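Here the chain labels run A, B, C, D, E and F in written order, and each chain numbers its own residues starting at 1.
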């Protein structure tokens, strides 16, 4: 975890980053049920799932989303604030033993509506794939980022 | 947890449900960091947070979202599938010791674009408030719901 | 989770409810060992268990009991208080991967000994079965329930 | 954790053992809710609890019972099997920050009904007290214990 | 867990103790990643591990070390303090499903450098083996132990 | 988490890195007791601790060590392998609510004894301090690092 200061001007459409993989385990599902209180049989009852079209237990949508967002939380940017998500879509189910990886790409950059002199908005499209390369989840992560003060030089990295 | 069959025709705009409250604890944040790998100091470093404008540790956005969605997971509807979220917005920070409650209201109902004869889409607006009644998170939960077959009677409840 | 007010007069011998299933996972056993401090090899040492008559790791009795009681915690009744259990019996071992389900039936109703005008006692027999339909645990859950005040109408449900 | 072989003949009415204390934490309650799926506001909603006679969150009964039984799981006796509990009574609520300790005393010894030549039954009364010395939980832990074969010497300890 | 008072004079080179086994589970690794924040693909990404010489996910070194030290924490000695470890060596990887056991042997006893009249130092060599009998971890656990006051009799055990 | 290839020749004595802070919580201690099975009253019994010189519960040594090592697990170096620790010393207790930070400095570099042509050894001294700047733990983390093949250019970073 490093602190890397980046101002609005440092973001570029099309720049992207990719994570290493993470295997979604039965333990993750058990812990997520425990954290959320969602013990729906779709996640918890292997016998019933075996009678359903999907055939086996499915990870909670909020689990995959939380894991994916966490996997992109690599560098701390003190100039950016996350304020929400748009178009969160669960495209395919994630099963126990699947391994997910995340790609995040800057897909939109625009001035902040109310404070265009000081702030900008940055959209990062997060795409989660499984071990077969198939997309399981996509979403747009929304950031507000400070614009560089006129007397400030380029990006600074504090390695940690 | 009950199984309550409800078809598209059973949903009405404006109908709503509310949950009991849940206190967000330090343990929840520790467990969510552990589940997601997001150990940003905003969530984990009380000393640093004390030097920041928000003054204390903040719950992860995905934690509050996961808890809130879980709190609404009361009845199983075998006719409905959750496929995503729109307009997820973190309106205010949630601190350790805050108690959240959730209200979910059906806010849009429409035919499914590709299969309007069999399916409909239902939007449920989820609003999370803290113990002061202030909104901390809102989102729209998206469902696809089966339309009632022509030979089928009204909603059925299997109490559990 | 709904709040459903039910007075003593609303309970009937023979009325019952059944839960969906829950698969008992290795993670559940690991977490229960961690919560209780019981790391007996019967639960934790697959190698040693393979040399024993039961052949594999066994879930803690208190784990199955805690899960089963939790699975019946569906509706909140502000008029009832749980005060204990009688005749808790571990009938068969539960192994990793077994799926349990719970049936709870009202089996006894009687006046409270010291305050018969205001309170009654309700016994709910909880039976836990595995995926083969075999009973693994039974117990009697003991409740004290308020009697309906003379000026009060029938049961009220606050859906949530 | 030691393995200490004890046959039925080695148990004596009135013999007892006591544990060190354990503080019941908010994290324990969060983890137990997560393990059982019981998110009743009595355990999880500090705001609502503050409006109730008990005034604050209460530990789940099954949590205190599981912790107490675990605290007595010190020595492994390969000659004894736990088969259930009788008269589990929650005498007082346990609050976050309370410290419990357990005393276990052999209170009954009798021949096994169906196999009196080979087996005996041993009742151990488990009493859980809080930091004020007040009883919060009591139960009777039921064991079946092998009788000593005629050619076998006294108890053996394998320290570990 | 028992409290067993032992003074420096009660320790003997060559005396040893051995634990029962514990199977290292996928859940343990998930929980340790969550506790430490170490989500390296060596521990979390089954797909990538399959492409590496070791072929499968490996338990964190600090997990095996923490488990092993915990497995030796059987008796409380109020006269001894643990102050560190020397020569911690990860000899072989531990995989999911391996079962470890621990042997601890007193391997050095000497007077404390600065307070030889009151204190001594005791080294306990901890050796962790897997189900094949192969060493996976060794370390030296370092204790400072009080010397017996001249007016004090032999060791006392408070069974618990 | 990034993958940063660094060969033996890329390490320099005196180069260092520092982490952000992490507050040690009651939940961390509860989880560590659960992971290790070490429920000693020093960590779990607030009442007893209040009667001791240290006055309050103390984090397990292996918890602080595991957290600290995890906090330094920022970049993956496929050319380096961790094989152990030397001189692990618990200098001061860590209490609930303390915030630790870690500094890691390369303090020794030498050829590998048996394969000096291909491998080197690198010692990284890890120092953990609390919010008062006092050292609570120090250790030396031991790595074996590949030497750069003669046909290989300088360090490569694969950002993630």
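We take it that a residue touches a chain if its C-beta (ideal position, glycine included) is under 8 Å from a C-beta of that chain, and two chains touch if they have at least 3 such contacts.
Remember, predicted model here, so these are calculated numbers, not experimental data.
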item: Both-way neighbours, i.e. chains that touch chain F and touch chain D; value: A, B, C, E
item: Turn needed to bring chain A onto chain F - CA fit, degrees, nearest 5; value: 180
item: Self-contact between copies chain B and chain C, residue sets same or different by half; value: same
item: Listed pair (D-F, C-F or A-F) duplicating the C-E contact set, over half by residue number; value: D-F
item: Distance between chain centroids, defined by C-alpha means - chain A, chain E (Å); value: 38
item: Gap in Å, rounded to a whole number, between the CA centres of chain B and chain A; value: 18
item: Centre-of-Cα separation between chain D and chain A, whole angstrom; value: 44
item: Residue numbers of chain A (touch at least two other chains); value: 1, 20, 25-28, 30-31, 34-35, 37, 39-41, 71, 76
item: Graph class of chain-chain contacts, one of line, ring, star, complete, other; value: complete
item: Residues on chain D engaged by chain A in the complex (per definition of touch); value: 31, 33-35, 37, 39
item: Parts of chain B lying in touch with chain A, wherever the complex brings them together; value: 1, 28, 31-32, 34-41, 60-63, 65-67, 69-71, 73, 76, 82-90
item: Interfacial residue positions of chain E with respect to chain C in the complex; value: 20-23, 25-28, 30-31, 71, 97, 99, 131
item: List of chain A residues in touch with chain F within their complex; value: 1-3, 17-20, 74, 76, 159-160
item: List of chain B residues in touch with chain F within their complex; value: 25-27, 30-31, 34, 39-41, 44-48, 57
